[in-house]
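Same chain, two partners: chain A is paired with chain B first, then with chain C.
Right, the complex of A and B next:
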């Protein structure tokens, strides 16, 4: 009882300052890109409050590379991977959570291996497989190695395990089969997990670069990330303004989605019990 | 009817297992197998050569540099990103002014593609005009520095980007864990008159054990996997100063088409990852109470 409670303590002030400084560093690169993108090229490295504004950099970037096609490719990729992951991981997680069968422990351990050894690392061998399957340079080949996701199976299994057995028995009494129980009882109760996992998956595959870089080599299959790197390295030299515009354009959908739904975004992670 | 349950279980598992085995287990084993052969060429099929690919790697100074660089890269990004994530989570979870704005600022890098991040940071690091040089000139009167173009600073510059990208993501997990701590534990500590630092060390930190383990696993993997920005910004240069194991695998496999050496190098990376996994598992079994 020695401190005056009304005065904020020095420690609190220092902490608040540190928190805000860190936040400033964290958004600085993005703010810098916004500055460069909405001003004429000459202002990319000069900061004047009343520099003229322009949207022509976005138009120039959009014209300079087939970004519409890249958007379409990324959209197709992300949707395909998400749907496949939901279906495959739901089925596998349900089997691991509720069916006690011989060897399920070992099998689950084998699944978890993928948490440590992700397909990103095995690109040389996976490229060989894709060539053997005749799938090189297709959107399917970008998504295929990620469709059975250990992370998804793990998360959904944890969630399914928390569903009370009584609910399942009640549904069985009412005549539901195994698949009916899964769809009517388990899946609806796991909504926050699906949302959290879905968001992670979409942002991962929207942003994934190395494997798509290796497996694609045409405009018709390239996702945005690879398209952006081709654009920034070959076509533009160092026109900061146009590169910033293109960079912001490719990140915009996720960024806007996150800013609009950031509360739900964070809360879905928490409710999914990823902790 | 146990047999029917088993049948159903296998039916539900099969699609996921086929893909998992096809693109994780099979390639891991096949990589090991192919690392004992030469690279197949159009007119020469692969030939068994024992451990020659490995001895070639051991004789290659670039390999040792990439390995060393990667240890520094992982050794720096793992503790830095976890430490910052914890600080961020505590701040955002506390009573600071403008918590929501802070949370948005910290988390934003997570949703940006690494490749876009590379472009943004390229501005930052540009000698003379770049923001970093403008700041260091204004504050300390430094001259232009080629942050990613010289050996002394290039790897550090890459580490900063990786930490910047990861910390906000890890923050979310800490935040979730902090909010799950029952408030009565804090009340009990307050009644006993424990200081804030003491409460943090004795109550909060031990309860964050499982979360820290989960985050650490992710941070270790990212310490070897997160190389997109290096491939675009420096291509492992200057003079291999930012070459890591995965960038070297990419170079060997897809720029020089030397898939045999790339396979041997992949095996090295797999062994490192398996060893860290085993270590973490042993540590977890001892210290963390996981359900």
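Right, the complex of A and C next:
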């Protein structure tokens, strides 16, 4: 440490200002949405500190589409996908990380290849599959193509590989079976990875639009994003107040979840190495 | 991963295929109808109502509407389902998608359908049919059709010392009025004279200007464009001058979606937008407003726009019959009139304007007839083979010119060169 004491302080100040600036840029659209949503339509593009407040935009948005049903659908969808992904990815990742079998390298390579393919390219092929399975217009069909997630397998495999072999051996000496080892040793140690991966998965499926739009036909199966597109009524102009209200409403559970568990999320991202 | 998944599903796939068809015996013939939500909220209720009324009048058929976001989303959904072997039997899609749909071998010509006679197909406004016919056949039946009109704020006209009942008649007057209507405080403008939206699909509004300058953008076969005609650049120059020279129009790109809102908030005194906005403006404008034909250049003119009804090749004989019945049901004069009154779209047949309901509506709200009167000056919306790519070439260059990155003539020459490259193989 040969630097003068003033320099680090200047560095800290610069860093803090930059961080604040970035944070402001990031949060600006959200702030605007809040502003537009809680004021009458006329104030959507006008700033007056004491503009009258109203909740009627939320009521109007809630009325305009069966949002309760869409919430239920989205909730069922993300839960289903997440549970299936955890089970499938854990088993696959464990096999790739610890079991030495013939062709495992090639198989894992194939899994990684899936990471390179945009899901949108498979739209038609997936549609054909769902149709053959008789699943068109079901919530299951929205989630099915995403359940065996290459990203999840890759991430968990890397985490499992870092678990010291000694722990596994100790467990085996204590009389644990293979499944027991997986559940008692590997899974608890990979908790940060599960949390981080769970967050990305939930937010991805919460926001996914194109595939759910194509594969679903009715209110009973459509998730929030597709339901929200009802407001994209471009022919008649856009009512920012109502759109903002609807957008806030649909993203509120994610936002709240993030705010509540912020610390855990950030920590697990650091530990899982997704930055 | 892709491979293991497909293998597993392949095995499962066989089972439901074998058992599926057994369940449908005496049920009414079902017609799946993909419908875009291009106008907000209550539109689904209106369409649901039509389908119920139709089922009551025709117990043998049942139309099942499937609502899908924008026109673009609906086209994606429909074509994906079709390639997946699960096409709907009917869809409401943009009239300009005609070449795309024929190219995909997706749709049937109405002339070949049972019960669709020539007189019925001829009963629609000719300018709507212009976009619906090619190669001697009718591929789409006009349904939710619109055109560009001018809306003006009568209060602002009065304040500027203009007669609030007369909109500008020609291009020169449009500039003159807009100059009087533009309010400046120092450098800031509190009210613009006029606004022509240029986001999303600037080509559509631009076609108003080119038609008024008496030039066509494409041929009827959709395989040749005329973007490099000097008159096209002239029309673009007029649009650019509104903001760059006369400073009566906001600079840069004007958002389509928020233009009506700007109008309501008195940020702009005259706006060009679709007749589909009529109901919206009527409900939300806090001041008296007028609706008029677009001002004339060398002539009057506006493109038509909006959606047509298409029947897909997937339809069985019974479904084809049902589709014709349903569309005839939708376009009866009374229903077409009510549709126009409820939504602001232009009722598609002259007969609809003769119904008592429409006569009463027009008497109380003369603006409703403006779009109809303008139809005789209207031309088909820009539509070519590979429509998406060709219109993108034009849109990009229009926006480049409007934001000052290109001059008018070179921009249009570039658009033409790109279109030429795309269309060459279709001649």
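Operating definition for what follows: the second predicted complex is superposed on the first by the 244 of 275 C-alpha atoms of A that agree within 3 Å, B and C clash if a C-alpha of one lies under 4 Å from a C-alpha of the other, contacts with A are read in each partner's own complex, and residues count from 1 in each chain.
Throughout what follows, contacts are C-beta pairs under 8 Å (C-beta built on N, C-alpha and C of every residue); 3 or more make two chains touch, one makes a residue touch a chain.
Remember, predicted model here, so these are calculated numbers, not experimental data.
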| item | value |
| --- | --- |
| Combined model on chain A: chain C and chain B, fit or clash | clash |
| Which of chain B and chain C A:229 touches, first, second, both or neither | both |
| Dominant toucher of chain A (residue count), chain B or chain C | B |
| Partner chain(s) touched by A:64 [first = chain B, second = chain C, both, neither] | second |
| First, second, both or neither for A:102, with chain B first and chain C second | first |
| Touched partner set for A:239, first chain B, second chain C, both or neither | second |
| Touching partner for A:136 - first (chain B), second (chain C), both, neither | second |
| Partner chain in contact with A:258 - chain B first, chain C second, else both or neither | first |
| Touched partner set for A:114, first chain B, second chain C, both or neither | both |
| Contacts of A:150 with chain B and chain C, given as first, second, both or neither | both |
| Which of chain B and chain C A:218 touches, first, second, both or neither | second |
| Offending stretch of chain B which, after superposing on A, collides with chain C (from 20-28, 74-82, 164-172 or 182-190) | 20-28 |
| Set intersection of chain A contacts, chain C complex versus chain B complex | 44-45, 110-111, 113-114, 117, 123-124, 127-129, 148, 150, 153, 210, 213-214, 226, 229, 232-233, 240 |
| Residue numbers on chain A that touch chain B, as the complex places them | 11, 15-16, 19-20, 22-30, 32-33, 36, 44-45, 87-89, 91-92, 94-96, 99-102, 104, 107, 110-111, 113-129, 144-145, 147-148, 150, 153, 178, 203, 206-207, 209-210, 213-214, 224-226, 228-229, 232-233, 240, 243-244, 247-248, 250-251, 254-255, 257-259, 262, 265-266, 269-270, 273-275 |
| For the chain C and chain A complex, residues of the former touching the latter | 1-6, 9, 12-13, 16-17, 20, 37-41, 44, 66-70, 73, 76-77, 80-81, 83-86, 146, 200, 256-261, 264-265, 273-274, 276-277, 279-280, 306 |
| List of chain A residues in touch with chain C within their complex | 41-42, 44-46, 64, 110-111, 113-114, 117, 123-124, 127-134, 136, 148, 150, 153, 210, 213-214, 217-218, 226, 229-240 |
| Touching residues (chain side chain B, partner chain A) in the complex | 2, 5-6, 8-10, 12-13, 15-20, 22-28, 30-31, 34, 84, 87-88, 91, 96-98, 101-117, 119-121, 123-124, 129-131, 134, 164, 168, 172-173, 175-177, 179-180, 196, 210-211, 214, 217, 221, 224-225, 227-228, 231-232, 246, 249-250, 253-254, 259, 262-263, 266, 269-270, 273-274, 276-277 |
